[in-house]
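Take a look at the structures listed below.
In the two assemblies presented below, subunit A is common to both, partnered first by subunit B and then by subunit C.
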Partner chain A sequence: MIDTSVGRVARPAPSTIQQWWVLTTRGITPTLRNGELLTQVAASIMFTIGFYFPLKQFMGVYAQGMSSYAQYLMPLIALQAIAFASVSAAFRSATDSVDGINRRFKSMPIERLTPLAARMSASMYRCTVALVVALLCGHMIGFRFYAGLVNTVGFCVLVLLIGAALSFLGDLIGTASENPEATTHLMMLPQLIFGLLSVGVQPAERFPSWIQGFVRNQPISQFVYALRALAGDSTPGAGAVKWSVVGPAVMWMVALIAIMIPLHVLVSARRR
Partner chain B sequence: MPGSDKAVVVEGIRKSFGAVEALRGISFEVGSGEVIGLLGPNGAGKTTMVDILSTLTRPDQGRAVVAGHDVVGDPAGVRRSIMLTGQHVALDDMLTGRENLHMFGRLQGLNKSEARARAKDLLDQFDLVSAADRCVNTYSGGMRRRIDIACGLVVRPEVVFLDEPTTGLDPRSRQSVWDLVSQFKDSGIATLLTTQYLEEADSLSDRIIVIDHGKIIAEGTADELKERTGATYCEIVPRHLEDLPAVAKALGSLLPDQNRSALTESADRVAMPAPDGPKTLVQALAQLDAADIELLDIALRRPSLDEVFFALTGDTPAGIDERAAEEGLS
Partner chain C sequence: MTMTSGERKTAASVGLGDRRPAYGDARSENSPRWLLPHTAVLTGRILRRWSRDPTTLAETLFVPVAFLVTLNIVLGDGISQVTGQSALYGSVPLVAIVAAMSGATVGGIGLMRERDGGLLSRLWVLPVHRAAGVLSRLVAEAVRIVAATAVLMCAGLALGFRFERGISGAIGWVFVPTVFGVAFSVAVMTIALYSAKTIVVEGTAVIWGLLMFFSTGFVPLDQYPKSIQPVVEHQPVSYAIEAMRGLSAGGPVLAPTMAMVLWSGAIIALCAVPMAIGYRKASMRD
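This part shows the complex of A and B:
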């Protein structure tokens, strides 16, 4: 080592926007080379194949008068893709916490919420990729938008908002637990349970009567109802776009985010 | 900095975590260009002190000023003036060495071309050019530590905090970290380094502050401390473990009572101060020979941290067993 490593570079004033962007690209760059992006694509394809082909024969009959089982299943395909993306986000934030890089950021001239904002924007990139892949998969099996441009945009926005809420939740769990593996498991299990015990695969009436109440009212089902209506169908089976259908989904998200904001503040202010 | 050539001023800092008092009234100063070694065992409060000075933790009581900025009143000013290297390397493992340097340069406000140029400089100076475009998760421990420190130097710090910078490093990497600290000193940058190794504090620091249980128990130059701890130690290892009590007996008045009573059943050697250096060793050898005890090894060495504590407090330091266990694992 020679004697100039300390350097004479004057300290510039860092801009929050620049820091946010640098930290966002930091979250995105590795996904292009460590296989995360490919895994995301593969997961959406696997989920589509794994549910659609085995189930369409005997579930399709119960698709509540919709034109096809693809049309019926699409909301759950999109939600699973988003949930998968949020698990990746949770894994990343837990890794940051355990690696000590968050600690380092806190000792640097970086605003306290900038790293969180950057993690969230990197998550939104993941969610966007997930949505696009899910829509492509859906298109392949015959899913189409029928309810016009506004509702189509509404579908995409709602999926992305759910992704944002889930990523926010994942980030909270990851940061709080400081354990990437445990975080992944913690996120996977509810995803599976809520996904399978929802109206995404089959109507509530097809479940045993004692669990129908849960199936019908749990958040994933509410999201499915809303998304199905926004996507529309060539038949009226998708349900109409009205507040009684879309409202509960929106309320669930608002509630989820309202609970998480103070918890996030608590975790980021936490001292060892 | 108005009216002060002190890089760090600490006055009566106290900090508790629940019922645990981590720091119990710490005061010291670091001049600019001065290197201070904060020496103490695990749990002594070293990291808490560094956390307070780098604004990661707020003190309960007392005042601390870093590069002219109060850690509580103006944390942003402190953060603009310091570099912190923690016990664990804090990098983005998924990025390459060059990308990490570039990222930290950009985070510190350099524009793209400045950040790129600075990354190149630092890779050259830290001897990491050949590994520059590999992900840092493939780096060796020494390389990771070097790139970790390099990332803190993308802009010039006023004060550097190194929290156990050489823990877990091989001797060569350790030497390169030591060289770097000398450069900080030459550039007029104040450095506070924490360490568990007396040798490290000794060779690097202008002054050493020894802390234990959240209090300063000794402060001074390495020479001053060594005078108090005994300049040299003599270590005697018998060939047969069961000879240990016989060794202690044969040494007679050479072995101070303090060290005699510290001999435990699990000990495999006798360590004692050698105030007269080689003469003490020759005398010990003669006495052991007369008692017809076969030795595996007898040597002079510098006092270990345990012995510094022993001499300063007459007590084994908190957490030293814990530390031994940790080192055994890593």
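This part shows the complex of A and C:
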């Protein structure tokens, strides 16, 4: 008798959830071993002390109406920490693209979006670490939540959503450029440029008049306004939580994601 | 089988494995006379590679200019009011050194990619001077830093930065970031040879971020809390900035330059042996 069953064995039906989990741990496990978690923690500390100590005396007088400069600065610190965490996603996706592992995944029975979803969950893990460390550091320099539990949760959720949008942007740039060396420049300098040119360190009125329009309306400033309101203050200087304050931030994020999704589909469908 | 004595000798020495021309013999690739030509060829390779990647080129030369303009808009007026001296005398040097430090990552990642791609092992089995590999990378870094500093100098001049000490001061000024920048590159390359890629990118960013925030080019020294002022004052980036301030606006030059050279020398001395061993190891893996 010839065994004919060999060719007829049903193909295994891999579980998408399990694949996602395996690929997510692929992104997370190395961070515990190679010191990456440590750099992520160090970066959050760096942004807190690096903005607070040099600028406290220098800019503190302009943070009118707020109880302390730490309270004024905290939204920007959280945003910088989260941007650092998510821009490193760009480097990782560029490395994946150039090493050919994405092409390998395409030849395997994996849903098309699973690797991207796994990279995003690993990024969210980094963003969460960044946020927690930034809030701890913020507590030490005197930042407090004043606006109640709901708004505090809102603050954290908004920061993480921004982190998700930025991670997605980083992933898009990394996948599109396929050049890890070039994406390293996305770290720090551009994020510091946008951070310093926002209402995060000083009010818009302190900028030269020709650039005030940009400063007030650019996404980082809108995020800062929304986060400042959500964090609240012992004085009314932080602004009230209402749609006119939080709305623009949400709109910016929705717009960013709406533009990026089709772009990402386009870029990752490209064949080499 | 006929074999002349010369051929037999060659075959024998190949069999024995290691009878290469002695060091100092002009035929040996490790002869000092080959060091410069070999380094020049390899340096040209790296520089050509960078200059043909438009993203790297633009990011190395122009993102720092955008950062300088930003710093000048945000902190310029305040610092000028506090110190009575234009903030540009601190911020142009600061950005030049930041550009030198942040660009070192590109070299570090490039080194790792060439190790993983096998280029280093390929060069190792070719008759190339053993020191040319490392040296060419450092020369390429130096060229990159001088070019980026020159671009920043032009941007600074457009914003109102001036050399009060004339042309000799300007020439010295352009080369100050190179000294510390090359030392920093040595450190980044050493880290690159021993750790994961992400550490090279993120760890380096954290280190230069701290050096930038806590330097006399970011805000004046007396703006920092008393307890950390000594740290700010004596760290290498502050010394480099003060030396450049002295060369442009006038003021002490020798003391800060010496301190910066000492810092750079110490970093290079600390990294030299691990880097040489790491580079050899990276070149000899299969």
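In the analysis below, the second predicted complex is superposed on the first by the 256 of 272 C-alpha atoms of A that agree within 3 Å, B and C clash if a C-alpha of one lies under 4 Å from a C-alpha of the other, contacts with A are read in each partner's own complex, and residues count from 1 in each chain.
Everything below uses one rule, namely that contacts are C-beta pairs under 8 Å (C-beta built on N, C-alpha and C of every residue); 3 or more make two chains touch, one makes a residue touch a chain.
Model, not experiment: these values are computed from the prediction.
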Partner chain in contact with A:Ile211 - subunit B first, subunit C second, else both or neither = second
In the superposed arrangement, does A:Asn34 touch subunit B (first), subunit C (second), both or neither?
-> both
So, does A:Pro14 touch the first partner subunit B, the second partner subunit C, both, or neither?
-> first
Report for A:Ser107: first if it touches subunit B alone, second if subunit C alone, otherwise both or neither.
-> first
Can A:Ile193 be said to touch subunit B (first), subunit C (second), both, or neither?
-> second
Looking at the overlay, what does A:Arg26 touch: subunit B (first), subunit C (second), both, or neither?
-> first
Kindly classify A:Phe84 by the partners it touches after superposition: subunit B alone (first), subunit C alone (second), both, or neither?
-> second
In the superposed arrangement, which partner chain does A:Pro262 touch: subunit B (first), subunit C (second), both, or neither?
-> neither
For subunit A, which residues belong to both interfaces, subunit B and subunit C?
-> 30, 34, 95
Using the touch rule from the top, collect the residues of subunit C that touch subunit A in their complex.
-> 53, 55-56, 59-60, 63-64, 66-67, 70-71, 73-75, 78, 82, 98, 102, 105-106, 109-110, 113, 195-199, 201-203, 205-206, 208-210, 212-214, 218-219, 223-225, 228
Taking the complex as given, what residues does subunit B use to touch subunit A?
-> 17, 51, 54-58, 76, 79-80, 82, 84, 86, 88-95, 99, 103, 106-110, 114, 118, 121-122, 125-127, 150, 153-156, 176, 179-180, 183-184, 186-187, 189
Subunit A - residues contacting subunit B, complex = 1-15, 18-19, 22-23, 26, 29-30, 34, 95, 99-101, 103-110, 271-272
Of all residues in subunit A, which touch subunit C in the complex?
-> 30-31, 34-36, 39-40, 42-43, 46-47, 49-51, 53-59, 84, 88, 91-92, 95, 177, 179-182, 184-185, 187-190, 192-193, 196-197, 201-202, 207-208, 211
